[in-house]
Structures are given as C-alpha cells and as structure tokens.
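The two complexes that follow have chain A in common; it is paired with chain B in the first and with chain C in the second.
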Partner chain A sequence: MELQAVLMAAGGGSRMMDLTYNTPKPMLPVGNKPLMWYPLNLLERVGFEEVIVITTKEVQKMMSTDPKMKLEVKMKLDVVCIPEDTDMGTADALRHIQQKIKTDILVMSCDLITDAALHEVVDLFRAHNATLAMMMSKAHEFTETVPGQKGKKKTAEQRDFVGVDESGKRLLFMANEADLEEGLSIRKSIMRKHPRMHIKTGLVDAHLYCLKKSVVDFLAENKSISSIRGELVPYLVRKQFSKAANSQTTKDEADEQSQKQKDGNVNLDLHILSRDEPLLQLAQAYSCWNDHRGDMSDAYHGGTLRCYVHIMEQGLCYRVNTLAAYIEANRLIGSDSIIGAGGQIAEKTSIKRSTIGNSVTVKEKVKVTNSIVMHGVTIEEGCNIQGSVICSNAVVGRGADLKYCLVGNGQRIEPEAERTNEVIVGSDQLMEI
Partner chain B sequence: LFATVLCWSSLRKSLSNTNRSKGGKQSRSGGGRKGADDQEEEEQPLQAVLIADSFNRRFFPITKDQPRALLPLGNVAMIDYTLEFLTSTGVQETFVFCCWMSHKIKEHLLKSKWCRPTSPNTVHIITSDLYRSLGDVLRDVDAKNLVRYDFVLVYGDVVSNIDVTQALQEHKHRRKVEKNISVMTMVFKESSPGHKSRCEEDDIIVAMDTKSQRVLHYQKTQGLKKLQFPMNIFHNGSEDFEIRHDLLDCHISICSPQVAELFTDNFDYQTRNDFVRGMLVNEEILGNQIHMHVTKDGYGARVSNLLMYDSVSSDLIRRWVYPLTPEANFTDREGPPCTHSRHNVYRGPGVSLGHGSQMVENVLIGCGTSIGADCHISNSVIGSNCNIGDNVTLDCAYVWNHVTISKNVTISQSVVCDRVEIREGVRLNKQCVLAYNVLIGPNVSLPDGTVVSMHHPDEEEEEDDDEFLSDGDADASQSKEKNKQKGFNPAEVGVEGKGFVWKTSSLDDTEDEELSQCLWGLVLNPDPESDSEASEPDDPDDPVIPSPEMDDVKVFELEVLGTLQRGLEENIGCDNLVVEVNSLKYAYNITLREVMQMLTRVVLEFPFQQQQGVQLSAAQYATVLLPLIERWAPLFKNYVKKAQDHLDCLSAFEEHFLEQEKHWPAMIKVLMSMYQLEILEEELIMRWFSQGATTDKGRQLRKNQGLQKFIKWLEEAEDESSEDE
Partner chain C sequence: MADSGVTDGAEKKEDITRVKNEGKELSKEEKQRLRKEKKSQKKNKEKKDEQDALASEREKNCAPSTLSQPAAHKEPAASPPVQAAVSEPPAPAAGAPPADKPAKSKAELKAERRARQEAERASKPGKKGDPGPQSTAGKPKAPPSELQPVVKRLPEHVQVDNPEVLKKLAKKLERQQTPGRGAALKIPLRSDYGYKVSLFSHLHQYSRKAPLTQQLSIPSTVIHPVIVRLGLQYSQGIVAGSNARSVALLHAFKQVIRDYVTPPNEELSRDMVNKLKPYISFLNQCRPLSASMGNAIKYIKKEISNIPSQCKEEEAKTKLQDCIDRYIREKIVLAASAISKYAIEKISDGDVILVYGCSSLVNHILCEASEKHRKFRVIVVDSRPRLEGREALRRLVKHGISCTYVLISALSYVLPEVSKVFLGAHALLANGYVMSRVGTSQIALVAKAFNVPVLVCCETYKFCERVQTDSFVSNELDDPDDLMVTRKGKTQLEGWQQVSQLGLLNLVYDVTPPDFVDLVITDLGMIPCTSVPVVLRVKNVDQ
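Let's look at the complex of A and B:
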C-alpha cells in the first residue's frame, strides 16, 4: 500500500451555521447524497480499498443509518471518532491516529467535491519525492443569489498569496493577506534559487494533501501545531529554505547517528526532513537531471524538504463550506432536477432545476425552481418556491411564496406568507450566533 | 514660404490620396519643417536619446583622459555599439548628449560613419557642461522640444543586438488602448542569477502583473537579504503576479514624450531609477504606468563597471552579440577587417606573431601589433600598434592601443590603457588597471586591484568642483606640474616607473557614494549560496509556532497592562476599566480565574513597567505600588468575590513574590494595604497562609518575618473581634 487515505469529516461547518444546525456538515445532502459521499466516492474510484474517516460520534451514527453510505460505498471505512467538545484541529486529528499510520498519507476534507484527477497530485508527490503535495484550484465566482444576502455582496475575504516557481508546481511561498500587513517579504536567497516566482491570489485550497509519514511523526512530537492548513502547511513551506533543511545532505552521517540514537533531545525538525534513500541519493548524484536552469548546483539545490502544488486550471472543484458554495454545488450535481425516494409529488406541480430529498410531500399546484428541498419536507398546495433552501422536516404552508429564503430545520412557514431574501430559523438557533 | 506650407497642409486634409503625395513633395521642396511634420504623422520616425555620459566616476581614473563612451571595447569605441544598435533597430534620428569631454565625443562622431550623409540615422550632437544627470538631459529635451514621438532612451555604454521593434509595437498598442497611461517600456533580458553579465550592483528584482506586463515594483537588490514588496501593488484587481529575479536590466527604455515632461515636472528626479520609483509609488496619483518587455534571445548589457567591461568583452569575442562581432567592421573603418579563425581568434591586418607564440582561444588582436616569441595569450583583447616582447603571458588582459610590453611580463585580468609601457619582468595580478601613459617596471609585481594613473589621486579632490567644467588639455598641463612636485614611488611602480598608485582608501573619503566602490565593481558572487545561507539566521518565526491559546493569555495580559497604563495616564475611572477588562476577557476568551491572576500579576509588576531598566529597591517598589493598589481597589473588588477568587489572587501574589525575592520586605506592606482596602479578607489570607506551600521557596516565603508578624497580628485581631462578640 503506497498511500493511506484519511478523510477529515469532523468539521462543524461554522461558516454555514444555518444549514448545519441540525445536520452535521459531512451529512448535508448534496444532490440527495451526503456531502462526505463525494470524497469517498472519489477515493474509491481511484482504487483505494480502505479509508480512515475521522469524525464525530454523531456523524458515525448517521452514517450507519444512511442508505447511500451503506450501499454505495464499498471501501472499508475505518471510522475514528474524536471527542466533540475538545475542538480538535485537523493536525490534532492526525496526531490522534498516528498509531494507524504506516505509510505516507493522503488527507482529504469531507467537503470537497471535485472531478480532479487525483493522480496528478500523487504523481507530483512521487516524482519529486516531496514532503507535501497539495491541490489548489481557481476560485469560482458564485453566480446564484444566496438567501439572506442582500445584493451581490462581494465577500471581502482575505486572499491567500501562493508563490510557485516557473513550472507552477513547486510551492515556494504561502501567506494570507491578513499576515502581510507590512508587505510581502521574500528572502533573496530564495529568489536566487527560483528567480521567477509566480504569485497567485485567486486560488482555493482544495484541502487535499499528500504527506510523508515523517510529517505525521513530526506532528506527534510537536504538539503545538493544531491545524494542517493554518499551521502545518505554512510551516513546511517555510522550512524548505531554512538552513537545517539544506545543510542536511552535507553532514549526513552525523545526522544519521543522531537520528538512530533518538536521544529525545534531537531537534524536532529532523523528523520532518524527508531523507532521500541512499540509492536515490546516488541516482541523483549521477544523474544530469536538474530541476532548475541557470546554474550547475544539485537538483533541488540540495534541499530535502520539498512542497509541491497542483493547480487545477479547469474542471470542477468546490469546497462546500459556505451557503453559497452549498447552493452552487447542488446546482452542478445532476442536470436538472433530482427527486429522492419515498416522496409524494402531486399533480400539476412544476419542479425545475431543483433537488428534492427523500420522503418529501409536495401538494398540488406547487412551483419549485432553483431550490434545494431536504428530506422530510412538506410543501402545501399552491406554494411558489424560488432560489431557496428548505432544511429537513420543514413545513411550508398553503400558498406561501418564498424567494431566496433559507428555511431552517423543522420550521413552519404560515400559509400565504410572502418572504423574500430571508433566513428563517428557530429562535434557539439564533442564539448560537 | 512658410505661409504657403501652412496653406498646403490645411488643404491636404481635404484632398484625396493622390493629391497628398503631391502635397508632400511640394512641402519638401519648400524645405519647410512643418511639411515634414505632417508626413511624420503617418510614419512616426523613431527617435532616440543617447546619453554619452555616465554621470558617475566608476571608471576613474581612466575616464580622466577619455570619456567612457569612447573607451574601446573589442577595439571599437563603446558608443559605436550603441549607435549601431539604435540604427539596426530602426532609429532614424538620434540625439547624443555629451557633457564630460564633449569635444572628444563630438570629434569622434563627426569622423564616424554616423555623420556621413548616407547614414540612415541622423545624429545630432548636443553638448552642455551643465548636465549633471540623466534628469538634466531629459529636462533639456523637454525644454528644446526635441522629441515628438515615442523614443528610445539609452546610455552610451550599452552593447546590444536586441530588436526593440516588438517592444515598440507593444508600447504603442498599450498607449493607444489605454490612452497614454503607459509612459515607459523597459527592456529586460532574461538571464538567471549568477550569470556573468549580471553585475551585483545592477541586480534588480521586479514585481509585475503577468497579464498586462506592467511593472509593479522595481528595486535594486544590492545588499538586501529580504525583499519587501508593499501590499498595495497587489491591489489592482489582478490575480496573477510574478516576482522576477531572472532579469538583466539592459538600460534600454522606450519612452513616450511624456517622460521628458515628467522629468521637468519632477525636478528632483536625477536618474531613471528615480523616475521609475516615482512613477510606481505615485501611480495612483499621477496615473502613469510602466511596462516591461522581456527578450529571451537578444543580448543587451550596460558596461557599468570594469567587471561588466570584462564580461561584455568576452561575450563579444564569443560572438554572443552577433551580428556585432569584431570582424564585422560595422564602424566601416578603412583597411581590411580582421580575420576570424577557430577558437574565436581574431587577427587584424599586419599582426606579426613570433615563433612559439600561442593564441589559445578568444583572442582579438588589432592591426599593426607585433607579438614576440613564446607568448601565451588567452581570453584577451589587444589593441592596434602594440609591441609585445618575448615570453609574455596574457590571460583576460585588455590591452588598448600603442602599448609596449617588454619580455617576461605576466598579466591576468587587468586593463592596460593607451600608450602604457610595461618593462621587463613585471607581473600584474588580477584586477589591476594601468591608466593612460603609465610606465611600470622593471621587475615589480603589482598586487591585486592596483590602479596606477599619471594623475595624482589628490588632485582629483582639489578639482572636484570644476570637474565637469575643466578642459582636458588644461588638466594635462596641470597634472604635469604636479608630477614634478610629487615624485613617483619606485617601490610601487618600479625604478623607471611613472605613475601614482590609487589606493581604494583615497577613494573612500570622497563623499560620493559611487566612488567608494572599487573600480572593478563588487567581487562577483562570492558564492551566493554560502553567503546568503550562512549569514542568515532562520526566520524568527520559523521554529515552533506557539499554540493559539497560549497566545491569547499572553496577549490578554499585555492588553490589560496597556489598559491600566492608559487608565493612569488619562485618569479613567475604575468603572470604565472594569468594562474594558471585561470586553478583553470576552475578546480573548479568558476564564474569570485567569483574569484574576493576570490582573494581580499586572498590577504587582506595574512599577517595573513604569520605570523600565531601573532597579527598584523594596521601599521604592512599595511607595510606587501602594497608591496604585488604592486607586484600583474597586477594580479588584469587582473580580475578587468568592473565596476561591481570594485564593487565586493570593496565589498570583505569591507567584509574583517568589520571583522577586528582593522585594519581600515590601510584600507585607502590599498585603496589608490589600487587607485594609478590603480587597482580601483576613480569613482567606489565613487560609492561604496555613494551606501551606508546595515548594521550598513557598515555605521560605511563609517564614518571612514580616509575614509571620502580619499573620500573628491578624490572628490577634480576629481573637479580639471574637472576644468582643
């Protein structure tokens, strides 16, 4: 087994609280399938036979009952629950399962919906014997109107600055705009090695990482890192050019001894440095292959820690972590409309570009356009629903007119109501925010 | 006549095509300038501004006798390369601006092929002694209204074969589309760092917009370890930027006529660097942009110091500047051109080579030069009419014209100027310079980097002011007088030697920053790897990232400290302080217990913060602290309510004094005042005291006499009160 797959499915969905109040993010229906089905399916398609799923007790319970998960996922799922209240980060979670990690790993987030060719990322990882290989994609503009958002509000989210080399693959720099108040600063020595750096800002991290096993071991030693994206990745990217990483090859033997001894006092960093195997080193020494132009120094300039990124130029890549992304993802799955099993749809209804969940009752003369209706919803006669999200078990009263609304879990919309651009949730839910 | 021309030109607008040609002819026959103007509207002849002065003294003392533009490079004056480049790229009119030794440049140009009537490139020579910088020249261009269209701006020491036509088209296109926003297009050549033709001084870093090729940031990197880019350059709506360190600045720029105006408007711009920086920084105000053009296969470099002279010369001989090669004779000199044979060996007409002499590779020898027997010459350029004796070794030597070298001389990587005489057995180590008319020898060895000139280094300072004004001839006569006064040092230049050694130190004391650098420029790449890696510590933020929780508490503590300080300065009431601390508590998600501890700690440490660096005695500490405690008593009371709060407060108190053993005498006073202010209750102080210490030091603390006394006093007071009851 070359890679072990790890699916991170414990996130709370803090950026779309209205949706995840009753349904945890991994189980949110997208095209009538739980969100986490998509990454699992992707892994299955590329041939993984076993996946470690890190999740919460709640999700585990729901997974065991969800028919889609049962029938359609044939891989062996090794579900690991983490305590819900401890607020563990993704890196903490990896540390939690360190015992299970035997090889290099592929970490995925449960909210990724993509048709990307996974092998591109893995190939980068293999070809360059990289410590980290990740995937990014061009950011999408969300075109649909989002309930509760007035107008086309440009979310002034802070951009990520990603620096890649000339080939667009080697990851050289990574920082968030928020941390760059004093300007972007790059060491000259990095520019010497990689004289042409592309800085891209319009990218979304797909949260898909290939990591060396040594990184997991490093995490076990280094408890202060709690998130992969927030701390580990920037740390690795920076570490590529630090002195320790480069002087490695020169004083190889001394290091080897110290690593064998494992005094406990050994510099924590040492664990993280992926050491090329002796044979590979020899191959590199005898090869005239080089990863750069302009000088005659060794491939990778002798650095042993290397980070790579695969940037998707086209294709589908969504991270369903906001309401807007959720609506967009639903729109993209399936061609026009999907209607779940066990429902009742009366006559003279019109359903266009919508997703209708299981056991949904739709009475006569109802018009549903561009909407998401989750499981167990009842829509009474003569309703007109447009561009809205109706969460599970909600009831929409007779003749109601909903435009661009979000109806929370189990809510009742009174008959003949006219609502536009509103988020309708229970009062207890509001308190949360 | 002028009136008719005007008439014609106005008429022409209404005339058809056939008539237009006739009109053109008419006006040309009239000789009026206006007519020519009209025609240019359609064709726009390409103009160029060539600055035949470097406005610095990097080539001193060589340039004391000859302006830089006329120094021979591959036996051709540098300005000829520049003019050839301009002509071949399609320039039809060139303005040459000269200042230092302008008469020599003028003389040279008038004799050259550029001033022949057949030349496709009309050269106008404009001289003035008042130019002190590129800015002055361009302001003059604006004042005289010389350029009307986009023009090429170059220095007289640029060697290039780049075809700028494409860059020009891009430039024009941009100006058409964006209404004159782009004022300049800089031409760069791609070359990786560490390339020989990139000199450290001219090393640049450019941030650009990938799509529009717009320059966002332009900076020289010399001496920098970290490259800083201001954030505002990334706020132009683009998503793709490039930071490029693989570019060589060719010092060729395509400018719009606006550039000259902008120099006039901003009279403090001296160099092109000033201009570029000014445009980029004030982009939002002035709305002018600068773009770039990167060429992959051309050659372009500026001979800005001797190191560059060395690399450009060797590139020229290795034919990188094709079609500008030594045998091409593009300057159209009389007589047969030199021949080119294997290993890049060029021999001019009339060269005689003695028996057993070898020209190994990359050698150029000018006409009429004779070389003795058993010489070994490699990677060198020798001028015309030189006389080289037997058994001479030249490697990377640049020997100019009319030089006499006797036998058994060794020269490596050095420049030997016109009419120098080198006697027997002399050895020139690396990076030596022998300026005009110097005589060296016999049998001396010049150490690395020796500069010898007939001019005394001191005279330069004396003449510093009228440097640019002084006439060359007057100079020479003056220096002759001085030579008589101050003798040559035979230990340095040999017994028969003539010339003064210029020490780098003597260059150092002049104010001019340029001069403090040595003539050869910085030693190229002292192995970039080692220098950058070894001297740089790891990023300070590199090691373990502190976990966020830890951070918050720390930040909270600092914030509380700041709040209290401000409260003291601005005399803010305790109620408001409570509100502020509460909001901080929520902002950083701090537990009430931590608030208590932090507050106690901050207050107790407050005297240290106020008088930083001063060692406080216990008494001083107490006098500073007690009023503060009194002042902030309500603050404490707000938080210290339950029994556990008291104990937390006291434990923080204990913790503080454990660290500050010297202040134990003050401890009792503090505790006393806290008791009296009813912050702490006696019962709980007793409990804290009796609950015992966990560490040795804590036990020690409790054994403190003052504390013991205080506790005893408390006990008694309690007894009394209970008795009262």
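Let's look at the complex of A and C:
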C-alpha cells in the first residue's frame, strides 16, 4: 500500500463560533451536504478505498445518522474518536493513531473544498522522495457581506510568508507573521544553496500534507509538537538546511551524536538517513540530472530531507474556517439555488441564489435572496430574507425582514422584526467565550 | 465488362508479343501491363481448380491460334476472376506449349516460371507484412512483444501512426491485469501530444505535463508504488542516462520481489514473470525502455524462470535478489573499472580529450585517469535542449580536471586542438552502429574529417541485437515544449501549436556508423566496431 488517508475532523471551528456552537464544524451543511463530505468525495474520486477519520463522538453519531454520508460515501471509514475535553492538536491526533499507520500518509482537514488534481501533490512526493509535500492556493478575496460585521473587515489574520525556489516547487522557507517580530531573517545556508528565492504572501494553505512514515515515528518520540501546521511543517522546512541533515554522516556517527546531544531532533535524522539505500544512491550518482545549477554540489545539495509545495494557480480551493468562507463556499457550490428534500415551499415565494436545507417549511409570499437556510427551519409568510444565514431549527416569524443577519440555532425571530447586520443567537451562547 | 477487358487485353497482348518477337524493348506501359497481368494471373491460379486447369488445357490445345494462348496466359482480371471467361486458363504451369508454337520467346518462359513461383509462395501460410517497409532482421527490443512471424514485421512500438496497431496496444494494456482481481485494472494508455513531424510520426511523443499518474488511482494498488515512483522519475528526467535507468530499474525490481507473495496454486517462476509484465508496460509508457534496460529485464526473466519449482519462496526471493546484485556488480560496476583500466592506457600526458554530453562511464574514466595522475585537459561539448554537458562539467571540475565548455556549434573550432574523442554509448547495435545521444554522430563525423581518433566506451550489457542504419526508424521523441526558451521575459515559441506549418522536433538518439568509430572499449577489451556481432554471438553461446 502506498498512502493512507487521514481526515482530521475533530476541529472546533473556533473562528465561526456562531455557527458551530450547536453543530460541529464537520457536519455544517454546505450545499446541503455536510462539510466533511467534500474531502471524502475528493479522496474517493482519486481512488482511495479506506480513510482514517479522526473525530469526536458527537460527530461520529451525527455521521451515522446522516443520509448523505451513508449513501454516497463508498469508502471504508475507520473512525477514531478522541476525547472531547482534551485539547488535542493535529499532531497529537497523529500520535494517537500511530499504531494504525503502516505507510506514508496523506493528511487532510475536513474543511477543505477543492477540485485540485491531487496527483500533482502526490507526484512531487513520489518523484523527489520527499518528506513533506503540501498544497497551497492563491487566496481569494471574499466579496460577500458577512452578517455581523460592521463595515469592511480588515483581515486581521496574519500573513504567511512562503519562500519557494526558482522552479516554484521546493519549499525553502515558511513562517507566519506572528513569529517574525523583528523582521524576516533568512539563513545564509539557504541563500548559498538557493540564491534565487521567491517569497509569496497571498497564499492559502490547503492543509493537505503528504508525510513520510518516518515523520509519524518521529512525532511519536517528540511529544512537544502538537500542531502539524503550526509547528511540524515549519520545523521540517527549517530542518532541510540544518547541518545535521546535510552532513553525510554514517549511521554510527549519528548514534554517537544522539548519545552526546540528547536532542530528540536527531532521531529524525536517523529515520531519514537509513532510508536512502546504496543502490538508489548509485542510480543517482549515475544519473545526469541536477535540481539546480550554478554551484558544485550534487542533486538536492546532498540533503536527504526535502519539502515540496504545489501552488495551485487556477481552480477552486477553499478552507471553510470562517463565516465569510462558509458563505462563499455555499455560493459556489449552489450555483443558483439548491433546495433540500422533505420541505414544503408554498406558492408566490421567490428563492434566488440560496441554499435551502432539508425539511424546511417556507410559507407564502416569502422572498429569500442570497441566503443560507439550514435544515428544519420554518419561515412564516411575507418574510424577506436577504444575505443571511439561518441556522437549523430556527423559526422566522411572519413579515420579518432580515438583511445580512445570522440567526443562531433554534432561535425565534418575532413577527414584523426588522434586523440588519446582526447576529441573533441565544443567551446561553453569549456566555461562552 | 470482363469480356471487354478480355478482348482489349487480348489485343494489347498481341502488341506486346509482337514487339517481343521482334526483339524490341517493351515500353514502360507495356512493362507495367505485363506486371499487372502476371499478378492477376497469380490470383487466378489460386482460385481455380486442378480440374479447371486440365479442362482449360484441353481447351487451350483446341485453341485455333497461337496468339490467343499468350492472351489467355496473361489475362487482366479486373474483377474477381470467377467468371467463365477468366477461367480460361492462365495456366502457365499446365502450359507446356505444344511444339507448334515457336513464337514462345525466352521472356514468356521466364514470366511463366516467375508466376509459378509467386503462386507457390502465396499459397504458403506466411502472413504478408503490413503497409510499412519490412524491417531487416529486426528483433523487437521489448521482451513481451509478438512472436517471430515468417515475414519480419516492424515492431509495434514504431508504428504509432497506424491506428490498428494503437488499438491493439490499448487492448493489450487492458488485458494486462493483476491476476486475482476482478475489476478491469488496466494500465492507462498515454496519449500523444502536439504535432509530430511527419518523418517521425510513427513514434510516440508525450508531454511531461501530462504524466501517466493522472489516470491512475492515487494509492496505487495495481502497480507497485516503487514502480510508479520509478516511472515518474523516468518521465520527468530525474533518472536519466542508460546506467542510471538500469540500476534504478533493478533496484525497483528488488523491492517488488521482496514484497511479492506467491498466490496459492501458482508457481513462483511463472507467476512472478506475469506480475512483472504490467509493470514493464507501465514503465514503457512513461518512457520507452532503453537497450540496457531491455537486456536487464531479459536476464531477470531468465533467472526467474530458472528457479526450480521445489525451491521455497523465501529462498527463491533471496536468490533472485542476489542475482540482481551480482548483475549490477559485474556488468556495471566492475565493467566500469575494467573499461577505465583499458581506457587509461590510451590517455597520455598532455592530451586534450573531447567529451560530449554527460556519460557516466566517460566521467568515471576521466576521474580515474586524473587520480592516476595523468595530465590532460578536457573539452566538454554540450547541446540544447538537454544541456547535460553542464552536469559533466561540474563533476569533472569537482575532481580537479581543467575543462573547457563549448556548445556543439563550436565543434569545428575546437577540434584542431583535440587529440582524442571519448564518447559514451546508449547501445551498440549488431551491425556495428553506435546508438547514442543525438549529436554524437556529428561529433564523430567532424572528428573523422579532422583525423581525430574517436573512442567509444560501452559495457557489454548494452550490446543489442537490433540492426539500424539510420536514426529515423527507431528513436525517441522527447517533449517538444523543451525547445521553448524564455529570454528576457519573452518566450518566442510560446504559441507554436497554433501555427499550422510549425512542428517542433526533439530527438533523443542518433546512430553513428562504424566507419567513424576507431575503437570500442568494452570490459572484454578493446575491439573494433565491426567485432560487435562476434561479442554478441559469444554472449549467446555462453548463456
């Protein structure tokens, strides 16, 4: 077996608490399908037959009752539940399932909606015998007005600085603005090996990683790393150019080093150095190929740890982790309007560019434009709903006029209400911070 | 219509025979007509019976005029000659003409004999070849190809412009399923890219941007992941060069053998060969196999089929892996050191050596020579689009050899100062021709013009039983987009596909005639180019 797929579906959706305080993020409906369905569909389309899904018990329960998940996902899902109260990072979750992992893995996040050709990422991983291969995409500006936002929101999210080499494939540098307090500093060893580096900031990390099995073993020994994106990836990118990984130490020397240094990091080198077999090295020595030119070193500068990135120029790639992204994704999936099953739509209603969930009752003379209505909602007569998000089981009283609002789970909007740009949630939710 | 044809033909025949009898030369048209009639006559012969022949003989003997005999003899059967008119015997065999025909000239007798021979040959079970020219003694390179028919055909991998052959190839790839799986797990067919220059339209031309893995499922279960990785490395050029490709292939096969499990009720020796077939097709689709790879595959298949059936699986697997290790050690590594030993004798102090491109063997020789403290300098000749010479330059300079770097257009400028030329080879063909990177034949040609000795270094495992005298028949077409170059932000050939009269050709190999090669240095010694068939014969006898 070549690759095992791991889907991380235990995230809390901390950046869209208004939507997720009742429905866990993996089960949020996008285009009337649970958010989790999209990465699972992508994996199924490219040919995976089994996926390890790491999630919480709540989500697992919801998964087993959801009709879409049961019918349309044909792969075998190996659901691993992690306890909800522990604050487990993605790397901690990988450590948790270390026993199940037998080969290299492909880690995906449940909030990724994309039509990318996965083979491009995996080909980089295979052809260059890389330790890490990831995917990034050009960020899109979100143009829709998001309920609850006063005015044009300045992206408070911090930028990521990504440095790639001339070919645009090899990942040389990755840091978040938050970690760069005094400015961006690049090591001389990187500059000596790759004198031309392109630094990009407008990229969105798709959170799709191909990792070698040795990395998972390394994680098992290094319990200090808890997040893949936040800690493991920058660590691996930095480690490409560290002295230990590059010096052609034999295994014995590496053993000595580990005894002297007591540094958990050296274990990674051990895992990686023992990988390159003598025949492969012979083939590389005979081959007249080099990944760079201009200096006197061999292919890959003799380094055994390599990180690659595939940057998507065109195509769809969304990470649904904020409210704006959620609305944007719904806009895209439902090209005009999607109406779920089991509902009742009365006459003289107008539904434009909206997504209506299952079992929704819409009475007469209702105008719904540009909105997302989740399952089980009741909309009384004469309502006018524009650019809003109505969460499940809410009731909108008759004649209500909602513009750019977010109605929380199970809320009731009184009749003849007029709300603009408000987030209407229950008082119990307001207590949680 | 047949009747009119007969009468016309009869008249014309009279003309011809008259002319012949008069001893004048036949005109071109008459000759063509003669040929056509002979052909039709042969067809008639096939269709008719013995009895017809006898009947017609009788008829013929009753024929009044002598001239009508030749008419019947050479009848133009425009339509399928089932009619009675035509059944009038063109029976040259039976036509031992009676003595009352002194007019039967030598030419007619010859024609009769020829027609007889053709008839006999046509009745043999041999299949006639297809529209293309018949190859001479060309055994197809790839082992899993067709059996040897009576008449030699072009191997299928050089008939890309024949749609029937393409269909057959697609079907063959479909049929190569992994045993034991129900669903049709086929090796996808890689589609050609871009306009192909008409002289090379019989070869495949693939684009690097459309890898074969697009059509495979991502956790590749059909094909062993090591083979998928190898195929990707071949198609992207990460593993390039004859020796590198062979070593990487053997390494991959070692992994495959290690992970192999004999299914129940199957014999390892037979089943493993079947397992390897789809992998080889896959690698062939990624990049056409080289001669050295073909020989390595032949060796492995022989070793696998020679495993005794009572051998246990683990034992067999270790034995095979040892065989592979031994093959690499003997044929590649030790051969390289033997060759460099011979070659170093030929390098004297003060030499200026010219090398072309990046040959792992030539680089090895030069590095060893410099370690043995020979004083020489090297001129590295390079050519677009591969620009492999840069890598050779790097390796030689790293070893402390002083080098000059030129492009192939400067060849005649540097040759006056060169004392010898060392060339690597991709394969050595059975008629003494050297198949190597495109540009090598030019180097050899110009070197010959300047009277500079040309030495080709090649291990014996690259000797191939094919025969080729030109670079068109069998070659490899690389991605044409490699020829595009961006200078100062502009790519001139960017829209080459839109220009209808423009075709980009990126050849990989060419053949050098043995007249331009002075010496071939192999691990068996230094031999002239014409001794290659002897080596092949000796090798075959050994095996």
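Keep in mind that, in the parts below, the second predicted complex is superposed on the first by the 407 of 433 C-alpha atoms of A that agree within 3 Å, B and C clash if a C-alpha of one lies under 4 Å from a C-alpha of the other, contacts with A are read in each partner's own complex, and residues count from 1 in each chain.
Going forward, a residue touches a chain if its C-beta (ideal position, glycine included) is under 8 Å from a C-beta of that chain, and two chains touch if they have at least 3 such contacts.
What you see is a predicted model; the values in this text were computed from it and never measured.
More residues of chain A lie in contact with B than with the other chain of the pair chain B and chain C. Of the two partner chains, chain B is the only one touched by A:180; chain C is not. By the touch criterion defined above, A:293 reaches both chain B and chain C. In the superposition on chain A, A:192 makes contact with chain B only, while chain C stays out of contact range. By the document's definition of touching, of the two partners only chain C reaches A:117; chain B does not. Of the two partner chains, chain B is the only one touched by A:202; chain C is not. Shared contact residues on chain A (touching chain B in one structure, chain C in the other): 293. Looking at the complex, you find that chain A touches chain B at residues 161, 163, 177, 180-189, 191-192, 195-202, 222-226, 231, 235, 238-239, 242-244, 246-247, 268, 293-295, 297, 301.
Across the complex, chain A meets chain C through its residues 1-5, 46-49, 106, 117-119, 122-123, 126-129, 277, 279-280, 282-290, 293, 296. Residue ranges of chain B in contact with chain A, taken from their complex: 191-195, 205, 207, 210, 221, 224-231, 234, 238-246, 528-529, 532-534, 536, 538-539, 541-542, 544-548.
Partner chain A is touched in their complex by these residues of chain C: 211, 213-214, 216-221, 225, 228-229, 232-233, 236-241, 243-245, 247-248, 250-251, 254, 328, 333, 357-358, 360, 388, 390-392, 394, 397-398.
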